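Before anything else, here is the set of structures, which you'll find just below.
Look for chain A in each of the two complexes below; its partner is chain B in the first and chain C in the second.
And then the complex of A and B:
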């Protein structure tokens, strides 16, 4: 936003009208040598070359434009940027995302479950610049992808690079939760939340989901569990990261709803069932509103002065006038 | 003095302007003689000379004072209140080949890793991130309170992390500057751990960038002035194309300059004050008192611009106002 620090100086602009009148239209002005070269009492002499007169007009116009620029510069133009500064600590949120091959099921048109989940996570994180978010993915094993951070850009970049099946074939729900909890233990946040998105039954990992949930509950972490996918037979298509082959087929989809409910219950969270993209988006909105925290915000303004640009422009305009008049038209006064 | 002294070069433009003015004045006198002839009093010439002089002076005054305003002189100092809510630290670690050298046992890189670990361990509630650089900088751990992920990363910190050859401190620091979370007001620090062998980038430019972003850079020089050879996996040492074994040495001057110009400090990795002071900075106990207010210096330019404008008006007025009812 452009503002003027001292707009009062803009009143100098009113000087322009009399100045222009006196220097271009006033008949009694000085600096003229009356010479008679026309016929006695004939009309006044005017050069006929309209192109040259146009150039002269431009030259004078550039002089006055230069003066206008200087007056604007005197008024102190500055570009003001307002920036939100959060004074309160947000809540820590870690997404625990299933990346087992079944997440490639194509029942979330136009994409599969995995990409649909990525999309809703992206939207969720973008709207939460105040809260540190992290990401853990799991299949046969679990790994921390991004520790809870306010660096939204870094988070989204990493989310973009996620691929299915990088952690093998399996569904280690317990490991996923445990890793997420481990990386929240140093957090100073008063509230910590895990959002678990999965479509399978726990069938891998050394930690059973129930005890992982107990650990999380002990640390005061709430877990929201989202069961994703339709029931029954669904088409599936994914690329094997090791061989690069595209694998297609049908998959009999089912997931352990009771386990997810239990995890949510032990940790004071909630369980949701998301059979479609719309449902998934709706669930994320619900979690977003459930986990809204009080924010104390202050607005920080930073201003950058713009007088230099205007002054340089003014100098160029005035110099252009000077050059055209004195060098091209060889004006002597 | 002037905050942008490079604008003083514009004074060179005055030279052609003055030359043009003098030449036009001379042709003007000649033309006047041709047109006015001998029957007009010679006062005409005097009036022309005087008016031309003052009008030209006005134009020159415009250019001189406009240039002075561009150069900008420090004026009023305005204190701006500032309450940092904690600190934000990004470690920038050199992973170039020379960090393998063992002049600090067991290796420069391990020494750097130990410094990072001690700072994190001794700063509960701190927030840290890690950027590594070689030919370019890459963010490895975004700013986080989760020190577990830092320790995890340190366990596989090695010179093989990146393949691009070189040691581009500039790119490393730039990446770090982009990695500080926005929308928060914290004291921001970069702790740069390197042997300072600068292959690309200009230290003063980096320092300026950091200073503008309100980030102080603390440099830790890992290595010794005597230097060491760079061990290879096969037991030999890294050699140049002529077969001479390369000896890498700590280059302190650049790091010292970078630290001081950005408001930080330089340490050698053997300094006994290194760890306590870095931990103090991380914990926010250093400089806590004078950081309540930050001095913003307003530039003084309006005064010059008003005189420049006056010069233009004077030059016009002298031209337009008829003197002695003649010219």
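And then the complex of A and C:
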């Protein structure tokens, strides 16, 4: 980015028009030799030295360009690059996302619950560039997809590749929380948060959600639980990752609200119910505002000064004018 | 050259003008002048000794006693100097500007006229009439005129000859000698000049300067016309440019000479480098020989 250290000097540019006028167009200027070159209001001697005049025009243009360069040089041009450096460590956030087949329910337009969740996570992460964010998904099993990282780009890329049912058919809420907690235990962050998005009951995994919540609570992790989906019968459509078949049908949606509430309570978090896309977005905003940490940011600026080049250029331009007029054409005044 | 120096120079003029008178206003030049000679003055009652031939019989019979016509001899003649004071005369490459030369010449002629007991007047013109001095006799008048010549500060920059000629035509009822002192950097007014030449004796004196004919061999200059304010780039080292300039003014000069000759206007050219007195003397000597 180009900035001027003393932009006030650029006001000198406004003097340019009067000075050009007074030195080239004003008829009362000095340095003119009075010679009668015409009959008054009648025929006048008109020299045909067009080439000379063209050269002189270029010469004068070069001179004024040089003056402009000097003015810019006085104004102190510098090319500044700014870089944000976060001095404080942010909050560790790990999303625990359900990828069981029920997440394919089509009650979150325009697509299903899973895509809607991915979308809100993406928005959330983009807005938090100084908080390390991780991702754990679970179905029958649970896996750490992304450890808490500040690499937002990498996170988003990875998020895109997520597919339903890669970890089997089931809902191992407890396992998901446990894995998330496990990867946060070495974190030095002052605050650690798990955001759990699920739509089902815990029906798989070796660890029951309650004990997982206890572990998390013991490590000082807050868990925000989001129950996603409408209650009742909803259409469902998904692709079986093993057979590649598209399975459609209807599904009686329900989830264990009490469990989610309990997890939230034990870990000092909060439970939210998200029956629609808008609600889900709203919830994420709420969490975002709850989990804001004070950012201490240092802006590192590196600047390169450009006056040296400008001054040299100005010297060349002005000297060119001087050379043409005084040396080549031997100007008298 | 300031007006003080000019004045001191003009002070020396009477010496020269005495010689100039011989050539200029007396003798041969006079005889060219075809005035009535005698001018009717008045009628008065006859007194003893009057020439009987001058008795006006008409008046005598009307009044019942003899009356005579008296005549006044028109000896003196009016010399009118038309002096161009436009800005183009304020230039000059040497010691004298064209305006200085014009002033010296005018002063010489005025002195000669007064020396010969003639009336002398002047009209100073630029693009307007700057000053009008009616023709009168006497040394005081002459001194005033010379003072004006040396110190006039024109208000206009251009030069309009036809306006000056109109002024002269209106104010000079009787035949006289008109001397037009100018550098002729003026819009052509040859028609008006020949009209004036028909009524009066017109002598055109053209003041020239070397810089008017030639570009000095110098480097780049910005040259401004003092009258129009037009600015051109002048590069004296360029032979093409010098030639263009010389040709332009040579053509103009030749045209001027031809027009003057064609219209019966006496013309003389004085350069700022010439001695004005000498130039005038030789001019009138040449005229005498005609």
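Observations on the structure shown:
Here is the rule we go by: the second predicted complex is superposed on the first by the 227 of 333 C-alpha atoms of A that agree within 3 Å, B and C clash if a C-alpha of one lies under 4 Å from a C-alpha of the other, contacts with A are read in each partner's own complex, and residues count from 1 in each chain.
Here is the rule we go by: a residue touches a chain if its C-beta (ideal position, glycine included) is under 8 Å from a C-beta of that chain, and two chains touch if they have at least 3 such contacts.
This one's a predicted model, so the numbers in the text were calculated from it and none came from an experiment.
By the touch criterion stated above, A:23 is placed in contact with chain B alone, chain C being left untouched.
By the touch criterion defined above, A:86 lies against chain B but remains apart from chain C after alignment on the C-alpha atoms of chain A. Touch criterion met: A:31 reaches chain B and chain C at once.
When the two complexes are overlaid on their common chain A, residue A:185 makes contact with chain B while staying clear of chain C.
Residue contacts after overlaying the shared chain place A:56 against chain C, while chain B stays out of touching range. Comparing chain C and chain B on the residues of chain A they touch gives the larger count to B.
Look at A:330: by the touch rule set out above, it reaches both chain B and chain C.
By the touch criterion stated above, A:162 is placed in contact with neither chain B nor chain C. In the superposed model, A:146 lies in contact with chain B only, and not with chain C. When both complexes are aligned on chain A by C-alpha atoms, chain A residues 31-33, 35, 330-333 touch chain B in the first and chain C in the second. Chain contact summary for the complex, chain A toward chain C: residues 27, 31-49, 52-53, 56, 325, 329-333.
The touching residues of chain C, when paired with chain A in their complex, are 86-88, 90-91, 127, 158-160, 183-188, 211-212, 218-235, 237-238, 240-241, 244-245, 248-249, 252.
Residues of chain A touching chain B in their complex: 6, 9, 12, 15, 19, 22-23, 26, 28-33, 35, 66-67, 70-71, 73-74, 76, 83-87, 129-130, 132, 134, 144, 146-155, 182-188, 300, 305, 307-308, 311-312, 314-315, 318-319, 322, 326-327, 330-333. The touching residues of chain B, when paired with chain A in their complex, are 4, 10, 13, 17, 20-21, 24-25, 27-28, 31-32, 35-36, 44, 48, 51-52, 55, 59, 62-63, 66-67, 69-70, 72, 85, 124-125, 129, 139, 141-149, 152, 178-179, 181-185, 299, 301-302, 305-306, 308-309, 312-313, 316, 319-323, 327.
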